[in-house]
Structure formats: C-alpha cells, structure tokens
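In the two assemblies presented below, chain A is common to both, partnered first by chain B and then by chain C.
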Partner chain A sequence: MRIVRSLLSFQGLLVGGAVVIVGYLAIVPLGYLIHDTFLSSDGTGVSFGAFSRAYGGNAQAGDMLLNSMWFALGSAALALVLGTTLAYVQVRTDTPFKGLFFAASLVPLIVPGILYATSWIFLGDPSTGILNSLVFEPLFGATPINIYSVWGMIWVQGLHLAPVAFLLMVAAFRAMDPSLEESAAMSGANRLTVLRRVTVPLLRPAMISAALLMFVQSLESFEVPGLLGLQNGIYVFTSRIYFVLRAYPVDYGAAGAYAIGLLLIAAAGVLLSSWLQRSSRNFQTVTGKAFRPRPVELGRARPFVGVAVILYFLITVVLPVAVLVYASLLKYYAAPSRKALSSMTLDNYRAVLDMPLAFTAPKNSLLLGVGAATAVMVLTAVVSWVVLRTKAPGRRLLDLLAFTPIVIPGLVLGLALSFVYLRMPLPIYGTLLILLISYCTRYLPYGMRYSSAAMAQMSPELEESAHVSGASWFQTFRRVLLPLMSSGILAGWVYILVVSFRELSSTILLYSPGKEVLSVLIWEQFENGQFTTLAALGVLMVLLLVLLVSIAYRLGARFGLQGDSAN
Partner chain B sequence: MLTVESLKKSYDETAGRKAGRHDDTRTYAVGGVDFEVHDGELFTLLGPSGCGKTTTLRSIAGLERPTSGRVTLGGRVLFDAAQGVNMRASRRGFGMVFQSYAIWPHMSVFKNVSFPLEVMPRAKRPGRKEIEERVGQVLDVTELGSYASRPATKLSGGQQQRLALARALVTHPELMLLDEPLSNLDAKLRETMRFELKRLQRELHLTAIYVTHDQSEALVMSSRIAVMNQGRIEQIGKPREIYTKPATRFVAEFIGTSNFLEGTVASVHGQEVQVDTEHGRLVAHEVDKAPAVGESVLVSIRPECVDLSRQPRGNVPNEWSGKVLTRAFMGDVVDHIVGVGKLEIRNRSNPNLSIPPGTEVHFSIAPDKVTLVPVD
Partner chain C sequence: MRHGVLPVGLLAAGLLLTACGASPTTGAPGSAPDKNPYAKYDSLTGTQRTDKLIADAKDEGGVLDLYTSNTDIQDLVDGFQKAYPGIKVHAFRANSETVLQRALQENQANKPQNDVIDTNDLELRALDSQHLLHPYDGPAEAGLKEAAKNLGGWTAERFNAFVVGWNTNEVKKGEEPVDFADFADPKWKGKLAVEVGDWDWYASMYTYLTEEKKMSSSDVDALFKKIAANVKVTKGHTVQGELLSAGQFGVALSVYSHTIDKAAAKGAPVAWRPVVEPVILRPNGIGLMANPRHPAAALLWTDWVLSDGQKIIADSLRIPAAKSVPGFKDPIPAGTTTYSLSKSAETDTKKWNTAYDALLRGVPAAG
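This part shows the complex of A and B:
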C-alpha cells in the first residue's frame, strides 16, 4: 500500500515517467535491430544468414574491419595526444596566446564534420588540392598529400576531435590539486619524475575516458569516411552500412549485421576502458574545486611554443574556414590563381537562396535542435536527480541506460529506428518526429553528462537545508535545484542544439523528402558533385552556428550564477 | 521534549535479509540510542568521527530513515519503525545548521532567510509584510541587518555561519539541530561564536541538539552531553559530571587528559574505598556507588588534581614520590611528567611552578579527586 501511494505522488510519477522514457529510447531500437537481423528470411526462425551475407567470402569484411580499427584508433590517438599536450600547455605553462586555445576549441562546434572534411578536400585533393598544387608542387615537385586515404581520414577526424579531448583534459588538469604535485617535488622528485609518477597516473582515469570517447566517436563517424573514403573504395563499418542501404535490392539484414558488429566493437571498447580504470576508482582527483597552480615557466622555449600555437591555429581553424569561403565564391573549384580570383562571384549564394528547400531545411534543423535540446535537458535533470540523490532501486540501471546510446553509432540508431517505426502502426515514420526521437536518444548521454555534473558539484546539504526549512520536493526542485543547475543545464542545452544541427549519420537514413535538414542538404550537394554550392551553403551554416553559439554564451553569462571562475 | 528510543541505523540495508539471519549480522552506524532532550536545553552529542552522532542528528531531522526505533516530540510521533511512521523532513518544522552552512549561493542574504517562511503551507504562510519584519528581526539578532541585500556568497565565513543560524531561527522552530556548526571557523572566531550561540540559545529559550567532536566546545556550551562511541551512548550527563565522573574508560580518555592506573578494591568503609595498584595503595571517596571488595577498577586522575611539591607534606593521603622526567611550558599552564617506578604521572599546575627534570619530587591526590571507573 505504501508503495502504491508513493508511486502516485508527484515525485513518484516523475521518476517513473523518466524511467519509462529512458528505457524506451535506449532499449526498443536495439531490440528491433537484433530481432530483425537474426530473423530468417521466411520470418519464422533464428538465422545467421544476414551475417554470412555481410561478412562472407566476397564482402571483403576483413579489409573493412581493419580500416575501421585503423581509422578509429589512429584518430583517437591523434586527438588525444594533441588535446592533452595543448591542455597541459594551456593550463600549466606560461605560454603566450592562451585565448587562442579556446578559440580553436570552438571549431568542432561551429564547423560540422561534413564541412571540415570538405575543406580538407579542397586543401588535400591529390590533383586540385591547394596544399599540393600551391605548396608542394612548386617547392618539391611532388604532390605527396592524398586526403582520400586512411591517413587522410585520420588526419581530418583527429584534428576535428582534438578540441574535445583538449576541453576534457583542461577540466582534468584544472580539477587536480596542485599540492599533490608540489608535495612530490618537495619529496625530491624532479619535474619529469613528478609528471611520470604523479601527474600522469592521476590523470589516467580522465585520459582513458577521453580516449574511449574519441575512439567511439571516430568509429561511428560517417562524415569523414563517407566524404573521403568512398572515393577510393576505402570502406569502414559506417560507410559500408550506408552503401548496403543504398544498393538495390536493399539488404536490411546485412546492414543490421554490420550494425551489430559495430556495436560489439564499441561495447568492447567500453569494457576495456572500465577494466583499465578498475584500480583508479579509489582516487578522486576531481574535487569540483578549480585550482590555480603556479604555471611552469617555459623560459627560452616560450617563443617557439608561441609560434607552434599560432601554426596550430592557422592549420586547424583559419585554413579550413578560409578555403571554404574561397570555394564558395567560385563557379568551379580551382586552386587560387589570377584567373580563379578574377572569376569570383556570388552566384553560389544566389543559387542557395533559390533552392526550394532554402528555408525549410534551416527551419527543420532549428525546430529539431530546440526540441531535442529541451526534451533531453528536462529529462536528464530528473534522471540525474534520481541517480545521484535517491536510493531508488534500479537507479544504477537507469544511469547505465541513459549512457547506453553513447556506444550506439548514429547510423546504427538510424537503421534500428527505421526498423521500429516501419513496423509500428504509429504515424511517425516519414515525419520530423522520428528525427526528434533519434536526436533525443543520441544526445541523452551528453545531456546526462551536463546534468549530473551540475548536480554532483552541488552539495546535497543545499537541498537538505531546503527540506528542513519546510520546502516540499517540488519547491526544492524549482527554487533550489533548478536555479543552481541552470548554468550547467543551459550549457548542455546549447551543446545539444548545436550538435543537432550537424547531425548527419542517423538523419541520412531517417529523413524523407520534404523533411530535409541542413546537414542533409549539404550531403546532397556532395553527392551531386556541387562543391561550390556546398561551400556557400557551408559558409551560411557556419555563420548561423556562430550566431547561435554566441547568443548561447551571452545567455550563459547572464544565467551563469556561479560562473566558472577559472575561465 | 524530544524522546529518542532505541534508534538504530544500518547502511547495508540488505545484509540481514540476504543472509536470512537476524539483524545482528548488520553493521550499525547507530546501534540503539536512547535519550531525552528537555525544553530549553542545549543537548550535545559528542564523540569522535564515525561514532554515529551525525547519523543520529540526521535521523531526528528526517534526512535519514532509521532502521528501527522511535522519535517523538511532545505528543507528535516523528518516526516509528513499528508503525511505519516517518514524517518528512519538510513537515517536521525544525531549524538546522549544517556543517557546510549550506547557504544557497543563488539567493541574497534576505532570500536565504525568507525561504523557510515562503515555503510554508498556504494556510500558515505569513504575509509579505510579516515576512519582511520577521526576517529583519532575525537578521538583527544575528547582526546581519546591514547585509540583507548582499548576495549570500559575498559573506565571510563567520557571517555565513550566522546567516545559516538566522535561516534556522526564522520560523521559531521547536527544535534546533546544529551539525558541527563551528568546525569551519578559525580558532579565534570559534571561541567568540561559542559564547554567541550559547547566549542566543539562552535568550530565545531554544531547545537544541548540538553535534560536535570538540570536547571543550561541548563542555562550554552544553546543558547536558551524551558521549557517543561506535554507535552507542557511553554516558549522558552535565558537563561537570562527564568531566569529573567518567562512567567508562572511553569517556575518561576522550574527555580531557587523565592518568590511568589499573587496580583492585581492597576495602570499603562507607564512602572511603581503598584501591591497590601495582605502584601502591590509593584512597578514593566514592559518593554515589561504592564498588565491591575484590572488584577490578580503573583509577582515573586528572593532571590538575595531582598536587606537586618539592618537599614531602607528610600527613596527607595518597602521597607518592618520584622524579621529574620532563616538563612542558604551555603558557597558561605547565605540565610535569613524574616517574614513579615504571609509571608516569602527568601533573598540570600554575606556570609559576617549574621544576627541572631529574629533581626528586612528591605529589598527592585528594581522595575525592580519585575517580574509579568500572572495568567491563
């Protein structure tokens, strides 16, 4: 009786509702995916036919597997090394241009992967790429750069992910109590020993989880392998799934089999990383407090580090954006020359505005972004409260469920959702709603990250004192919890809004004509070989994202109550 | 009057059930605690960290759900495991000061204090004017009147502490709960706030439960003290009783410093008890309850009750002699460690006395200062 009554309370309904929604988002698509893949062709029994078609003799599955791992591990390694080095230099040394680091870290937010890859096509194409024709050919008489290779893919993906690794590692460096290192120094350890024996072991948990995130994101990336790999027939899991689904007749079973393979690799990555972290769980370096350690003096190396920082900024930010703008002004793409410069025109922008979808696509993107961001942040605020603040049975499972989608690649989710809603008699397939469901599922883990971080850094005593003061659960939630979490929640909201704009890998399987979003529009230009129109569209999209991000930062400054004093 | 009856709290909720055995297999943070708090009293739960004092306080507040037991205030049942009653913390109407103060950083000083009034049930909620008045009053009492509009985070540590107190006071609660409220202040401020808190408690005639691990704080402030150890209460009494008549070895060791000697009761004549120790015989005056002959006891002697002199005084009881081993000057007092055979006796006296190590000395202990602690 008590259980029934407590379930019927407002709080009980909220918690129960959150559990049902999260469970539905995370479990149902995977269930359908597995069911449909193992279903035999006559629809009655279990069959492995899909797997033998997908991985059998002439499918070249071995090459694909190898390429996938090579690409994902390589990109993760590049991103992690770059990101960690940059974070160390930024947080712990007296390097010049500290602000540039954060400007560079905005790149993946405002330049979506599909545009970043396009920029590098303009730069690194073996025949027309600017770096080849303008730098290497005249200087060395050779064109060594081929962006359409696994190394090229790793380069683009790694550079695009490095800022994410950078931000994660900056947080880790800042959260680390410098007195731990100082006491090692007082014990007589030199700088290198301190780094090796204290700093790195303490950062290991953060590095492992960053590495896992980089690995999974590279594994599931569709944009880079799609734009760069397909040209030379270099397949990875994601591009293979796309290829299979675009062939005729469509072999859903084989696509499902690839999807399950991809899922297993991602899950293996998660298991490996939690195994690697098994011993580091005991030391909590993250105290929620921001420390300001005395920076390491670079001394004579300072100017060189400064030059390196500027070079990094030029190569990863200025060059790709500049080449995109340049290409958008040309009729046909060509390396810069007197002729090319004199033929510059705004025709591409005119063409973009004349497209029938010129306004529908951005509108759809905005609708989906706002919808997904709002739904996810409200849901995760409640879920993280249940997970962190209650002793409800099954709260760990809830936490796990909310994080599950992080290992589900976008393309796999798209496939699984189409399995679900092609069968369900609900009018969801072919509407924007299916995209909204997909985005909510994909960004649930990120929303969780923001919400639970905001919740965790808040002492439970702040809520308890409200309870003791006589406030009900709802009063406490509204007047104490939400305002204190608001800056974290707003940051998460903006992040999801912005990443929704660039989402391509699940959208590409789920959109239907008339329901295009911006990223699909860009992909269509690529498929039609309209590179200069693509560039113009890309420039407009970057401008829109810059606008959104800066509005968000403005809002963040207003609502940011405690503000990150470390920034 | 608050009554706590056989309160137990275990954190491994399932251990007992899983093993299919009785409750005894569980580990208890609080293992059966009984006490009463009278109106107008400042009742202290004192003990080392991990002794269960904070868990007890949080159970009274309604922030923890005890495993078993009963808590009542006046006629109201707040918690009763047998009847399945557990009133929500927000309905108990107590004031609480947290160790971290738990000041809401997104509200002003005024808002922090007005919050408990604003969230009252509609029927009891005072009007806006009255809220302003009451907040103003309580801010004046806590000397924060001029800071009302400041953001709460712009206060110093001592001011935040008083703000937390003001917030707890504003509803005129029947019971105040204070969880180590002074432990985050520096030593000087802590001393001032002790008297300040005590004055407020007396003037407003507050009933309060105070949790601390600081024995001098407990002795200064409390009406009565419950000394806790490993989830149980070792002794409840007035500060003077706790100090002079420790009931157990733990209390004697935890409160202040003491010289301990193992002994056996040799004879009892009325209040006069003779105790044989390894190092000689001692006479004690036991007013309350004399032990039986042959019983083993622990003799506890406070260092300030050891009367040190260079010359023997002769006709005084319990006079022993020994050699000064070390002396320690501490400003307001001086300690001498006197060796008697293998035994070391600590003496504490007025700093005028200073005897160099190696000197032969004599000391005596008045029989009523010799405390006999039962050995279990």
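This part shows the complex of A and C:
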C-alpha cells in the first residue's frame, strides 16, 4: 500500500515516470538483441551458436579486439588529458583568448567524423599529405607523418573525442570549490602536489565518466578505423559488425554476439566507476558553503599558455576545417598549387543550396536535436537522482541499463524500433517521433554520465536544508538541484544536440520521405557523390552548429550559468 | 518513495515490452499473393493505358511511395513529375542493405509502405525470393536489352559499370594496366585500391574468372591473394574517387565508370580507358511490389522509367537498360568484354561477403 501511495504522489509520478521511460527506452533494443543472439536456429531453445559464429573460425576476434582496445585506450587517454587540461585552463586560469579557446574545444566535435578523418588524410598522408609535402619535406627533408597507423588513428579519434571530456570537465571545474586547493597551497603543497592530491581526486567522478564514455565509444566506432586503419590492414572489432550487417540474410545473432561482447566490457566499466565512486562524500564539492571560483593567475606563464592555446587551435580546428573549406571551393581535390587555387569556385555551395531538401533537412535535424537533448537531460537528471540519492533496490541495475544503448549497433536499434512500432497501434512509425525515440535511446548513456557526474558533486546537505525549510521534493529539485547541476546539464545538452545532427546508422532505416535530416544528405554525398560537395555541406553544417551552440551558451549564461566562456 | 518504486517501474517497462510482441524474427515474410493488383492494366497499351493509369493513380491519392538506393534518383523524380504533374513521388533513399531491410520488416508486419523499389540486383533477388515482387510485363519491356529482362520479379533499369580507373599522373601514358591478372605483380604494391564493401564486385569478378575464363577456383583464389597483398582498402566510393584524383594511389580496381567520367569532366587527372577487361555490369533494377498501396502509380512510374526515363539515366552517365536511347553514346567502347553475374552464379551474399572480408584481412576463407 505504501508503494501505491507513494507512486500516486506528484514526486512518485515524476520519478516513477522517468524511471519507466528510461527503462523502456533501454529494454526495447536490448531485449531485441538478446532475443536474436540467444535464440537457437530452430527458434525454440537457447543457443550459443551465435558466439562461435562471431568469434570462432577465421574471425581473428582476438587480434581485432587487441587492436580495438589499443585504439580505444589510446584515444580515450589522449582525449581525457587534452579535454581536462583544456577545461582547467579555460575555467581556472586567466588565460588569454578564452573565446578562441571555446571554439577550439568544441569544433572537432561538430565536424562529422567522416569529414574530420578525411581532412586528416589530406593533411597526413605519407606521400601526398599537405603537412608532409608542404611543411616537413621542404623544411626537414623528411615525411615523418603517417596518418594510416594506430598512432594516426589515436590522434584523430582523440582530437575528435576531446570535446566530450572537455564539456564534462568544464562543468566539474565550475562546480568545484577552489578553497580546497587554496588551503592545500597555504599548507605548503606545491602546485603539482595540489594537482595530484587535491584537484584530480576531487574530479574523479567526472573523469571516470568521461573516460568510460570515450573508451566505449571508440570501441564501437568505425569511422576513423574504417577510413584510416583499413589502408594498412589495421582491422578493429567493429569491422566485424560492419561486415555482418551488410550480408543478407543478416546474421543478427552474430551481430548481437559482438554487441554483447562490448556490453560486458562496458558493464565492467560502469561497475568499476561506481566502485571507484563508492565513498561519495569525497567528491562532493558543492556544499552549503558559498564559493566563487577565482582564476589562477598564470603570471609569467601567461604568454606561453597563450601561445599553446593558439597552437592547439591551429592544429585541431584551423587545419582540418581549412582543408574542408579549401576542398569545398575546388572542382576536384588536388593538393594546393597555383592551378588548384586559380580554379576555385562556389559551385559546390550552389549545388548544396539547390538540393530539394536544403531547408527541410536542417529544420528536422534542429527539431530532433533540441527535442532529444532536452528530453534526455530532463530524464537523466531525475534518474541520476534516483541512482545516487536513493537507496531504492535495483538502482545499480538502472544505471547499468541506461548505459546499454551505447553498445547497441545503430542498425540493430533501428530494426528493434521498427519492429516494435510497426506492430503498435499508435501512429509513431513513419513520423519524426520514431527518430526522436531512437535518438533519446542512443544518447541516454551520455545524458546519464553528464547528469550523474554533476549530481555526484552535490552534497545532499543542500537538499536537506531545503527540505527542512519546508520545500517540497519538486521545489527542491527544481530550485536547488537543477540550477546547481546546470553546468553539467547544459554540457550534456550541447553534446547531444551536436551528435544527433550526425546520427546516421539508425536514422537511415527509420526516417521517412519528407522527414529527411541532415545526416541523410551527408550520407548521400558520401555514398556516391563528390567529395567537394560533401565538404561544402560539412562547412555549412559546422557554421550552423557553431551558431546554435553559441546561442545555447548565451542563453545558459542568462539563466545563471557562470559565463566564463564569453570573456 | 525511497524504496520499492524502482522494481515496480522496471517491471512496468518490461510488461509494456512483452505486450508489444513476442518474437522479433518469427513471422513468415509474405507468401505468394493470391491476387494480382496490377491485373486490370495487363491488356491495356498506348495512351489508353497511360490515361487509365493517370486517372487511377489520382484516385489512389496522387502519390507514389518509392524506396531506392539510387543516388541519382532526384533526376528521375523531377523528370517523372514533369511528365505527370498530378502525381507526387515520395522517395525513401538509403543504402541497398537498408532499403532491403526496411521493405522486409514492413512486409513481415503486414504494413507494406512502398509501391516500387529501385535498388541493386542482389537485394532485388533477395526480395524476389520472399515473393514480395511482381514481375513487370508492360509495353516498355519490348525496348529493353536482353540482359535487362526475364530476371524474375524485377527488371533492370540501368547498369552500373565497375571499371579499373587510374590517376594519369601516377600511371603514365603507355604504362596503363592491360590485364586484370597483371595486378598480381608486386610492382603494384601499395598502388592499388579497393573499397571495403564491394563484395558484389568481387563476386562478379570471381565468377567471371571461373565461368568465362575457365580458371580453377584455386587459381582464382591464388590470383586474388596476390592482388590483395598489393591493395590499400578504402571506405566509400566518394572518398575512393577523390583519393584517386588526389594521387593518393595510382589505380582503383573497383570504381564506377560514372565516378571517373564525372571527375574527368571537371578536369581531374583520371581515366578508365583503354579498358582493362572485363567491365563488370551490375544491373540495378526496379521492382513492382506485390502488395502496393498505389498500384496504378507504381505501374505508371515503371512504364515511364523503362521508356522515357531512360534518357535521364543516360544523361547522368549511367548505362541505360533500353536498347536505344536518343543521343546516348555508350561510354564502354564497342567490342569490350562485359560481364554480369549469370543466373547460375552463386548469389549467396553472405558467402561472398565473408569471403571478401577474409580476402582483405588475408585469412583463409573457410570459417
């Protein structure tokens, strides 16, 4: 009876509703996957045949898994170091060029993976790459850069992922009371010791969340390995899934067996991260005590940091984007020369704007991006409260469940959703709503990590005092928790908005004519078009998203976020 | 609230899910339909047929739902809507595997959403084997090449030509490759490129060598193994074509002739003639769905694509299926050996797909 009563309260409805929705979103594709993986071929019993098809025979699963792990660990580590350093400099120092900095931190995320990787091919190809042929060859007489190596893959993926870490860490640094570091410094610790003993340990929840997300995402992605690794025969785990999903009839069992392999790795990661965060008090940096983050004065180091900022900006943003802009102005790609420069034209942009979907697609992408980002962040804010603040049985399971969509291949998610909604009487199949459901499912794990990293920094004493002062649960949630978590929530929102613009693998199965999105246009050009037109489309998309993200941060600043991005 | 709600919630989610259906993969895909939705137009020809189709198509709602993997579809849609302004075409475009999956899923759920499908031959064969297509025998069939008809439930509307293309700066005049078997020579090491998804090219080339050149399977395997040692693998035909233009490798073994022709027309240093034989012609076809929502519109579209629409296909540098198209000059020089997968050929896509994957990774094919 107590359960029924508490379910019927407003709080119960809200929290219960969020839990049910999140559970539902995660269980649909997972159930579909598990069903297909373990169903024996005669359709009656349980079978493990799919695993031997997937990992046995000539699959080289071991080698590929090792390649994958190497690639994923390297990328996650690089991205974590870069993202955290950037976030620290951005939030906690008086570095020059803060605005530049912000662009540098986000643009690599905004450029679609296939274009970012292709730009790096044109920069880092051992024989024809611009960096080798125009910089290293004339200056040093050597061509040291080879983008088609594991190091090249880690470099590109790491740079592409660094924004994930950056967004999470910016939020974490903002919610951290610098007085802890100051007292350590007062007590005689030098800067390095403070960093090692105080700063890094305090940021552990956010760093673990970022590392986990980036690691699993690298294991699961095929864009960078497909474009860079294949040239020298570096095969990764996902190339198996790629081949399996292209055949007919598709061996869903084998695809599922790969996904379940990834799931085990991811689950170990989630459990490890909650174990590492077990003594949660240690990370609660937002307490009842007021604080104002005061920037660290860089002093004599300031010019050097400034130069480093500009260098980073040049390498990760200007170079690849410049290659895209350069390619988008050509008739066909050729290394820079007088002939190439004299043939530049705006034809590719004209071709993009002449596409019949040039206006519908961005509109639908925008609707979906904003819708998915908002829905996911609201849901995960509530669910992360359940996971971190209540003692409800099954909360660990819920946390794990919300993480599972990250390992489900996009096509399998698409199939699961079309299977369910083709059989449901509600008019969802064939509308934008099914895409929204798909995006909410895919980005649930990201939302969850952003929200729970932010929640882990809140001390419950704030909620308790609100409660004592007579605030209802909802008032406390809305007036105390949400504003304090707003940095983290905004970061997750921006991330989901940006990545949903390029989601293709489930979109391509689920969209309907008239409901096209931008990624479908990109796909068409990638599949069988002109690279130069693709580049023009990419440049326009980057412009649109940069604009959107700046608006989001401006609005965020108005609603009480510390706006240290603008100055 | 602190206790008990969560299990209840999860249970509810689970229950909701079980209510949605028991088993994702059971449920037979359509069996042969008992009635022919196109029957009443069978005997009609000429303007009588067209007028009746237009009138009925408008009665159906003036809409055609088309699923396609043809990336030049917009030109056809524009041409059709110019010819028949009253009919609106809704085109779902995706890669051929996705088009196939979508049609299969919808038909399994008994909610077919499309009237016509336009995709690659192997996907059409798969749909046909599930009895989801209805053979076309309208008036336009008479004008088609032999290779384009009598394929079962579908009809070829154009051919994509897989050719060997090269960068003219990297491969000098007079040094162009002549014979496909030459690519086994170690002098090509690192200079050749293939695309990771082109198992259908591999299937055709392999079958050509065994069926037409009468090579033994083990010889063909040995040849491909040597060639594979020389190749770089790329992903995506657009990127492959662009990297070829940029001179990142000398030769692409499996590019579309129209990709090279379009790039060459813009001045890129690429060529595919003189031809390295054979040119692999992959039929891309059109299929009338067995359970259409708009049968008249479907038939009207098919009649048009296989007759007047052929001109538009020719203009986009593809090879039309019609015997003669005014103003069309075949990009394939006369007398060139061409090859398409024969009817007797192994068309098990899974077998070819895994074999190609194994070839590129350099592991034995069995497994």
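We take it that the second predicted complex is superposed on the first by the 285 of 567 C-alpha atoms of A that agree within 3 Å, B and C clash if a C-alpha of one lies under 4 Å from a C-alpha of the other, contacts with A are read in each partner's own complex, and residues count from 1 in each chain.
Quick note on the criterion: contacts are C-beta pairs under 8 Å (C-beta built on N, C-alpha and C of every residue); 3 or more make two chains touch, one makes a residue touch a chain.
Note that the structure is a prediction, hence the values are computed from the model and not measured.
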### Task
For A:Gly16, select first, second, both or neither according to whether it touches chain B, chain C, the two together, or no partner.
second
### Query
Comparing chain C with chain B, which touches more residues belonging to chain A?
C
### Message
A:Val468 in the overlay: touching chain B, chain C, both, or neither? Say first, second, both or neither.
### Response
first
### Query
Between chain B (first) and chain C (second), which does A:Arg191 come into contact with in this model arrangement: first, second, both, or neither?
neither
### Task
Figure out whether A:Arg350 sits in contact with chain B (first) or chain C (second), or with both, or with neither.
neither
### Touching partner for A:Arg246 - first (chain B), second (chain C), both, neither
second
### Query
Residue overlap on chain A between the chain B contact set and the chain C contact set?
2
### Summary
As the complex stands, chain A meets chain C at residues 2-3, 6-7, 9, 11-12, 15-16, 19-20, 23-24, 27-28, 31-32, 35-36, 39, 43, 56-60, 114, 118, 121-122, 125, 127-128, 226-227, 230-233, 235, 239, 242-243, 245-252, 331-335, 343, 356, 386, 390-395, 397-398, 401, 411, 415-416, 418-420, 422-424, 429-430, 473, 508-509, 511-514, 520, 523-532, 534
## Note on the structure
Contacts from chain C onto chain A in the complex sit at residues 1-10, 12-14, 16-17, 20-21, 23-26, 65, 71, 74, 90-95, 97-98, 100-102, 105-106, 109, 111, 113, 122-123, 126, 196-197, 199, 232-239, 241-243, 245-248, 256, 259, 262-263, 266-268, 349-350, 353-354, 357-358, 360-367
## Note on the structure
Touching chain A in the complex, chain B uses residues 61-63, 84, 88-96, 98-100, 102, 104-106, 115-116, 119-120, 153, 164, 167-168, 171, 177
### Task
Would you tell me which residues of chain A are touching chain B in their complex?
2, 459, 461-462, 464-472, 475-476, 479-480, 483-484, 561-562
